[in-house]
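Next come two complexes built around chain A: one with chain B, the other with chain C.
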Partner chain A sequence: MLLRAALVALLGALVLRPGWFVWAFAPFAPEGGPVIYERTTLLSLSLSHLGLVVLASGAATLVAVTLAILVTRPAGAAFRPLSRTITNVGQTFPPVAVLALAVPALGFGAGPTLVALFLYGLLPIFENAITGLSTLPPATMEAARGIGLNRWQRLLRVELPLAMPVILTGIRLSVVIALGTATIGSTVAAKTLGEVIIAGLLTNNTAYVLQGGLIVGLFAVLIYDALVQLETRLSRRLGTV
Partner chain B sequence: MRMRDAGPALLAPGLLFAGLGFAALLAPFMTLAANRIVAGEGVAVWRVADPVVTLPGIVALAAGLGLGLLTAWPRVRIAGAAMGLAGLVWLLSQGATVLLDGAGQYARVSPGAGFWCLLVILALLLADALSQLSPGPLARALLLAAVVGTLALLLQSGALSQLSVMREYASRQDAFGDASLRHLGLAFGSLAVAAAIGLPLGVLCHRRETLRRALLPVLSFLQTIPSLAMFGIMIPLLGWVADTVPGAQSVGIAGIGFAPAFLALVLYSLLPVVANMLAGLQSAPPAVIEAARGMGMTDRQRLFRVELPLGLSVILAGVRIVLVQNIGLAVIAGLIGGGGFGTFVFQGLNQTATDLILLGALPTVALALSAAIVMDILVELTRPIPERTP
Partner chain C sequence: MIEIDKISKLYDGVAAVDAVSMIVETATITVIVGTSGSGKTTLLRMINRLIEPSSGEVRINGEPTGTLPKHVLRRRIGYAIQGHGLFPHHTVARNIGAVPELLRWPPEKIRARVDELLDLFSMEPAQFRDRFPGELSGGQQQRVGVARALASRPDLLLMDEPFGALDPIIRARAQQDLRRIQRALGSTIMLVTHDIEEAIHLGDRVAVMDEGRLVQHGTPAEIIRQPATEFVAEMVGGVDRPLRLLSLVPVSEIVVDGPAEGEPLDADTNLRDALSTCLWSGRDALPVVRDGVPLGRVTLDAIRARAEGPR
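Let's turn to the complex of A and B:
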């Protein structure tokens, strides 16, 4: 817990008060070169980075869960084998390749990054949502039917809540991948924290690389941790752990 | 054969494919550009060449999509998809020659949105029909070999050499060879090192609860660090090692290039290797372990004769994850001078040369897909009790 608070504080300081860390990064900067990235504020880069991830993951969650619900209904059962094939094959596509292939189709900027993040983010959520929705305990489903819940009520009050921890795991996977892919998004001119790292690589300024790397790494670790906490809390409430 | 009984409901995916496929036929099939940088102009499928030439191709495509509707006969669907793919290649190779004719020295032709959509649709149709038959491991291996062989023949034959991607390849043949070796070296080399470290660690974790509790969370946090950040952080770290440890530079350790990329990949590989080794060892039923103990086997004998053979498929599943992941991540090495297909991808992004991006991205995707298929076959072959998923 203490470690978590310390990391949050460190991340906040790195983003909001980069000036405090000149002493730490100075040894890595080239002789007389800039130590702290100042072309854009780290805060605005962080916000647009997280914004991209939230937008893409949010849309991916919405679409993937809807599709999973459709495919797990009797009417959509015909698409089950196909959807399994698509998720299996799709996940072997490297996220970087998806990003790179989105550029010829959509041009440079935040657009292709957003689309790549969205498309790639669909797969883990969809897979987990299907698993969650199709492995519900039969006794519970029978009971829900027994007390006279109709199909909508069953879905909203029983199936989705019970599948939620598994779906959340999928969302976590998807968010972690999105954070990483968004970083690479700066090579296609999306405004993300990857910009700091890339600028460092281009000008041989290791201080930039380290600074960007630390911030992105801390964001990823903390967000991952927060989602894990959320999952455990949910599972505990559902009494499955 | 549950699928056959289900009847007309199963037509739905076929209809979806056919609908999307015919819509894709209307999209620009190829693009013609004045040079390798500028955006091209789309050319519809019926205008890429003379009707005499395009008609057979279009008919093959339409027939392939139509046969895809016959859900009850997966073999017919497979034949249809294959015919459609053949039509696609025919149109592409014929169109490339005709469009380039008289278009100028620097003109480039590339497959357009319509081609890519049709390729994806037909490939999915093929995969969907194949999954209906659920072929065994041997059949899948033969199929993969056939596909790879056909693709190699096609590329060798020069039928596609007019395409812009192939022109990029032709002007970079040596660099492409180097990049392929580098990419494979990064992906497989880091896997080998990760296995050498991770497999014994997995055994130790299996035996010591405390180590397991301490190590696994650390490894999963490593896994969450975005790849570019990880590669970046490796640079000063290895630069420092190169400067301070005597002899480090002479074995090729340097701040940028191959070494940081390799180390980053090894770190990413550790979690799947260790976690799956652990899960594999734990997958042996308690009764079997008890029996092994009863026979007087030592810890070591039990590990090598009982636990490892029984857990092999789970361990290989970990190797599959690592391999697919590393083939993709090795692209990032291109950004820090580590070589591999990423070099082309990022060069292409810098020059806005789409076909150079493709030259890096397509082999990466093909490699990742083949690795996944091969590893899936191995996982299935080593499964202690073969199970068939419907």
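Let's turn to the complex of A and C:
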């Protein structure tokens, strides 16, 4: 708990008051070169980075969960292998390749990054949603039908809530992957924290690389932790932990 | 009244349930008993159309079940199953109130009904209302499952091996509770079990299924005394038959005037337990009381006479 608060404070300070850390990063900066990245504020980079991740993961969640719901219905079962193949391809295709291919179509900026993060995020959510929706307790499902819940009510009141912890695990994996992967979006001019890292690499400024890396890393650790806690809380309520 | 009219279910041309007809009177318990694969569960599940019959019809108070949308029909029929099937993410109150909620009862009315049912099942409402099923014992979960099935005062309550997952002591209590609550509410219940003991103990009527057919339908005493087929005879158990017969009769039926020594029996005790007491305490007669008032005595000879099968 204390560690968590300390990490949040450290992250906040790094993003909002980078000037405080000159002493720490100075040894890594080139002789006489800048220590703190100042071309854009780290806050606006962080917000835009997180924004991209939220947008891409949100869209991936929506599509993956919808797809999982469809293929776990009796009528959609036939499409299960096909949809698995499609989401698998999304995962196998390297994000860098997606970026490269998307640029001609979408131009430089946030567009290609969104597409890459979206495709990359589909598979974990989809696989987990299918697992969650197809391993529900049979007695509960039988009772839900038997007491007169119609299809929609069963889905919304029983199936999705019960599958939620497993789906959340998929979302967590996907979000953490997206947080890291978003940095390479800056190679095609998306505004992300990757900008700091790339600037550092181009100018041989390890201080920049460390700053960017540290902030992205802290975001990933803290968001991961928050989602784990949410899952645990949900599972405990379901009596499965 | 529930009328089951020549109902059949075919799987690949093979009848799982073969033209079963039966009438279930209002406010009685009918127990459907049979081995696994006898079609008893299929028969039960055709009544609320969890399985669609291949042919035949079920009428509840004269109204054919085929005319209603399935989920609407099911809200009128209580359903309790083995392993309770409670919603683990809902509180006890929300579980019990599930069907009234679907029927759009006002919240105050649902709350009052939930408390009433918890009371009926000897579970303190203030203590249990807001718990989750995972926090209850097996016996309590099962009671909540039955309470949920009864919540909307359904025309009919279907129970599929409801006590199957309970240990023997808790099961005996659950059976007593069901009997008591059924009498109090006047519910009509159809219950499926593979346990003939449970069937004889709970049923006003017992329906024996074998290979998809209804082979006998009658009172427990009829089933034991005059089994219709070899299978029924085997089911009601060779050596235990006299004892099962005795378990159906309360001592009040054969009590006679006269003195007897020792600890008295209550008039509602069944003859099997009375016999057991005679043998254990080495007495030939036992005093019988009702609410503490002496009624007379019951003799070992009289008990023996009731245990005799047809010669």
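The criterion applied here is as follows: the second predicted complex is superposed on the first by the 235 of 241 C-alpha atoms of A that agree within 3 Å, B and C clash if a C-alpha of one lies under 4 Å from a C-alpha of the other, contacts with A are read in each partner's own complex, and residues count from 1 in each chain.
We take it that a residue touches a chain if its C-beta (ideal position, glycine included) is under 8 Å from a C-beta of that chain, and two chains touch if they have at least 3 such contacts.
Just so it is clear, the structure is predicted and the values come from calculations on it, not from any experiment.
After superposition on chain A, the partners chain B and chain C are accommodated together without colliding.
Shared-chain residue A:224: touches chain B; no touch with chain C.
Touched residues of chain A were counted for both chain B and chain C, and B has more of them.
When the two complexes are overlaid on their common chain A, residue A:206 makes contact with chain B while staying clear of chain C. Once the two complexes are laid over each other on the shared chain, residue contacts for A:161 go to chain C alone; chain B is not touched.
By the document's definition of touching, of the two partners only chain C reaches A:150; chain B does not.
Legend: residue contacts after superposition of the two complexes on their common chain; A:139 is shown touching chain C, with no touch to chain B. For the superposed model, the angle subtended at the Cα centre of chain A by chain B and chain C works out to 100 degrees in steps of 10.
For the three-chain overlay built from the shared chain A, the minimum Cα spacing from chain B to chain C equals 13 Å.
The contact surfaces that chain B and chain C form on chain A in the two complexes do not overlap at any residue. If you check the complex, the residues on chain B that touch chain A are 3, 6, 9-13, 16, 113, 124, 127-128, 131-132, 221, 223-230, 232-233, 235-236, 239, 255, 324, 327-329, 331-332, 335-336, 342, 345-346, 348-349, 352, 354, 357-358, 360-361, 364-365, 368-369, 371-372.
Residues of chain A that touch chain C in their complex: 137, 139-150, 153, 157-158, 161-162, 237-240.
Those residues of chain A that touch chain B in the complex are listed here as 28, 77-79, 81-82, 84-86, 89, 91-97, 100-101, 103-105, 108, 176, 179-180, 182-184, 187-188, 194, 197-198, 200-201, 206, 209-210, 212-214, 216-217, 220-221, 224-225.
By the touch criterion stated above, chain C contacts chain A in their complex at residues 48, 50, 71-76, 78-79, 81-89, 98-99, 102, 132-135, 145, 148-149, 158.
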